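The same subunit A turns up in both complexes below, where it pairs with subunit B and then with subunit C.
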Partner chain A sequence: MVAETLRLLGAGARLNVARILRTREQAIAHTLTDFIWHSGAMVAPILVAVRFGHIGSWPVAAVVFMLAYGAAVSSVMDALGDSPWYLSQRIGRGQLDHSLIQPQPLWRTLFTEGFTPFDFWPVLTLGLVLMAWSSAQLHVPAGPGWLGLLAFNLLASIAVETAFLYTWGCLAFWAPRGAEEVSSAASGLIGDLSFPLDPVPRPLRAVLVTAVPSGLLSWLPSRALLHIAGTGALDAWLTPLAAIVLGAFALFLFRLGLRHYRRTGSMRYTDHGHRR
Partner chain B sequence: MATVVELRGVHKSFQRRLRSSTFAGLLRDLARPRRETVTALAGIDLAVEAGEMVAYAGPNGAGKSTTIKLLAGLLAPDSGTVRSLGVDPVRDRVRYVGKIGVVFGQRTELWWDHPVAATFAWRKTVWNIPDDVYRRSLAFARELLGLDPFWNATARELSLGQRMRADLALALVGEPQILFLDEPTIGLDVLVKQEVLGAISTLSRERAVTVMITSHDMADLEQLHARIVLLKEGAIAVDGSFDDLRRRMGDRRRLVLETDSPAAPALPGAMHLASQEMRHEYAFDAIATPIPKLLAAAAVRAHLVDVETHRAPIEDMIADLYRDWRGA
Partner chain C sequence: MVSEVAQHFFRAHLATARMAAFGPLADGPWVAFSVAMRFLRVLILLAIWPTLIPSGAVVSGYRLGAVLTYSLVAEVFSAQLNVRTPIGGALWDGAIASRFTWPMPLATQYAAEMIGDWALPMLLVSAPLLLLAPALGVNPLPASAARLALFLVSLPLGIAIGIAIDMASTVLIVRIDLGPWVLNAARAVIHSICSGAWVPLALLPFHLGTLFNWLPFASAASAPLRIYTGTGDPVPLLALQVVWVIVLAVAVRAAWNVSREKVALYGG
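Our next item is the complex of A and B:
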């Protein structure tokens, strides 16, 4: 299973390299734009933290760590390709048929198709370098256990975002036209949390780590990993736990939607139906 | 020969919501939505033998695409059984779709921003096609469909005809046992259409691939010398050869008389269709009105300069059939 998945990711990576080499001017411009966009998003909170020496109980280096963590998550999400961002489009436009005629389990097709690891490595590199720098500044004991927990949280944050986008994207099974753009709208709702949430009122903070889990994409895991004041001993396991719960919910919804799709297909008889 | 596709008592219907055009009606629909059932397939029984070419035709909404989707594992029937290559296409999808090729005329499987060659290489990986099978089937498909001139062009640069040829070739890579072609000639010009149909014919003749093809273009389908399965409102109305269909519809023919007068002579047993200067065209059934008898009648009624007879185009026959169905 793993070997087959890696083989398909390899096929995506080869297409990605080929496209970059073929359209090098555009590829450079694209990568540079992406790099500037992500770096630019980090500047404002860092400047605020530098001006005041901290944001709440977060020192400057911790703010940098959080932003770098977020950039790493978002770069991996981008590298995973179209599937989470455009699931509703894929369903709404009847393009799921293309996936279903491939002799692969659907999860593997969705996971591997459109894999573009070479478009987003600059942002990932930036994120990893800044995380290393900031954790050194904070004198975090970055032993194997801590690094393992960091990797586990990064994966969990990616899973949370994917599950959130899939949950919304599944709406397109029942309302293919009305919800065609819901995945990209949902990504706008959850993405790019630039400031620590500590000063935010508790009810709103609760929303931001549950219903709209932006806080799980960088704030909560960074807070737990850096042991910011007020962090509980088990906080580093909250994001992985949330990933399991949200992932299970998204999977349940997706399977329900797929069963509906098997009954109705992408066809013209539904009044809110798929494009032809 | 072995049966490779079998549909037994297959029903498939869809719900369609009815809409009002008045404001009051819209409010009423909001509170109590009204739906109607659209029957796409009403108890289809069909068996296709290995190596057979089946032309699956019928008016719009007859259930052609629904059948192809059922057989491609994209849709489950409401009731009845669908078996293809001995398996249930939905339950055994992953194993099954590796053995078939599917082409949707209105969509493409090609990677839009990549050269045609890249999509083929990608397919080899995803379909897990062994090297020798890939090399053999690719060489065959490239030659059969003439892909070389645009092999390195990106899909977005291709004309519709080139795209369809590439899509068809893509479906052939890996040597599928069955090919499902849903309107593969839609929108193609005459020349490309001939090339695509020629390729499908060759494929069936030389490789004994089972082909199920849908099209609105009956002349295309007749050209393939396929078994014709004609659907009417989700049920099979005709299943046989095109010759059977012609016999069933009567030996419909056309007679063109060139006379020395612009007035078309009235001929018993023939219906005057059109006149152009001194040329007059008639439709007749050669079984009810034998040709010698008709010509003798024509010779009595007009001074004949030239005479032509030919079979009525299949399109006209099918149009008459559809009209009969609609009127029934």
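Our next item is the complex of A and C:
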């Protein structure tokens, strides 16, 4: 099982390299614009933090850490393929059938397809370098335990975003036309969070770590890892806990939706193949 | 005869705008996502500013009240301050081919569609934001009646500059064969830093704002907002906007003329 999954990820990586080498100019343009996009999203909040020396109780270096953490999460999400962003579209258009007829489990198809590790390494590198720089500036005792917790939180943030997108994307099982674009709409909602949420009113903050868990993609884990004022002792475990809960909910919905899909199939096409 | 043609022209564009206005409703309640996103964004910004600018303090010419008004009005007019026509996407996916058969000029078709696209967000986000502003602790009113009048001159100029920037991006899509979504992402970043639509340029460090004030991005967004909030001298701001409209219109038209032969349509 593991060997086959790794083989498919390797195939994705090879295809990624081949595409870069065969379309060098476009690959450079894409990598450059992607780098500008992700790194540029960090610039404006950093400029504000530099101008004022802080944002709330967050010093500049902590703001940099938070944004770098978010960039690392985004780049790994991008490298793992785009199935979470297009799930509702694929279900709505009946394209899930293309995955179901493949001679392998559906989870493996969704996990391995579109794996493009070489497109997003500049952003990931930038994120990791800035996290290292900012944690050094903040004199964070970055021992093996702390690094393990950081890696665990990064994985949890990725799981939270994936689970959120899958949860909404599953709606297309029951509303294939109306909810066809719900995954991309949901991704716009969760988005990258640019500012620390500490000054935000408590009810809004509660929304941003539960129903729309943007806060779990960078703010809450960074706050816990850097021990910003007001952090609870167990806060570093909140994102992993949320990942488990949201992941289980997304899995439950997906299985439920798939059961429905097995009975109804795609409702987007007539028997003659025309789109309704 | 002339009035008949003009009437037809107007009705055709009105129909295009109406289709664009009601288009998002076809997606059902999912349109609420983008609405919620914009509310969240402005609420976060309004919560952040008081932690940076103490009440009563003046930072680079901005009081807290002016910054809050600036942020709120920037969100209310976000579509007008960051103009995006659908032409780039249509060029990329081939939809533009059928538009050549429409009995209307291509440019005005897309302008009408863009204006139609503004209707629903205006109704669902902009108007409620203005009405809710006092409850959010923000004074949504302009600095004075004269400033409001000048804002109404500056905003269309800003929109014209935005359309020219959008057309320049379309030329770039044609020239370097780049997907519009990729370029849009890069544009979004440049816009968020250089235009002043997100953070007033005067509040950027290292005197970056002084440099960015001269760029067309600032004329498209920061200028109308500064006029509205009374944080900038209207005469030089309007003069620079006029200069950018003329320069960009001439340059983009020339660039399009030498690039149109390179247009290749995909799609399917």
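Points worth noting:
Keep this in mind: the second predicted complex is superposed on the first by the 266 of 276 C-alpha atoms of A that agree within 3 Å, B and C clash if a C-alpha of one lies under 4 Å from a C-alpha of the other, contacts with A are read in each partner's own complex, and residues count from 1 in each chain.
Basically, contacts are C-beta pairs under 8 Å (C-beta built on N, C-alpha and C of every residue); 3 or more make two chains touch, one makes a residue touch a chain.
Nothing here was measured: the structure is a model prediction, and the numbers come from that model.
Once the two complexes are overlaid on the shared chain, A:R51 sits against subunit C while remaining clear of subunit B. Once the two complexes are laid over each other on the shared chain, residue contacts for A:D235 go to neither subunit B nor subunit C.
Counting residues of subunit A touched by each partner, subunit B versus subunit C, the larger count belongs to C. In the superposed model, A:T264 lies in contact with subunit B only, and not with subunit C. Of the two partner chains, subunit C is the only one touched by A:D34; subunit B is not. Once the two complexes are overlaid on the shared chain, A:E181 sits against subunit C while remaining clear of subunit B.
Partner subunit A is touched in their complex by these residues of subunit B: 14-17, 19, 38, 40, 65-66, 69, 72-76, 78, 90, 93-98, 102, 104, 106-107, 109, 111, 113-114, 118, 121-122, 125-128. Interface residues of subunit A facing subunit C in the complex, by the touch rule stated above, are 25-26, 29-30, 33-34, 36-37, 40-41, 43-44, 47-48, 50-52, 55-56, 175, 178-182, 185-186, 188-189, 191, 193, 195, 197, 199-201, 204, 207-208, 212, 214. Of all residues in subunit A, those touching subunit B in their complex are 7-8, 10-11, 14-15, 18-19, 94, 97-98, 100-105, 109, 262-267, 269-271, 276.
Across the complex, subunit A is touched by residues 27-30, 33-34, 36-37, 40, 43-45, 47-48, 50-52, 176-179, 182-183, 185-186, 188-190, 192-193, 198-199, 203-206, 208 of subunit C.
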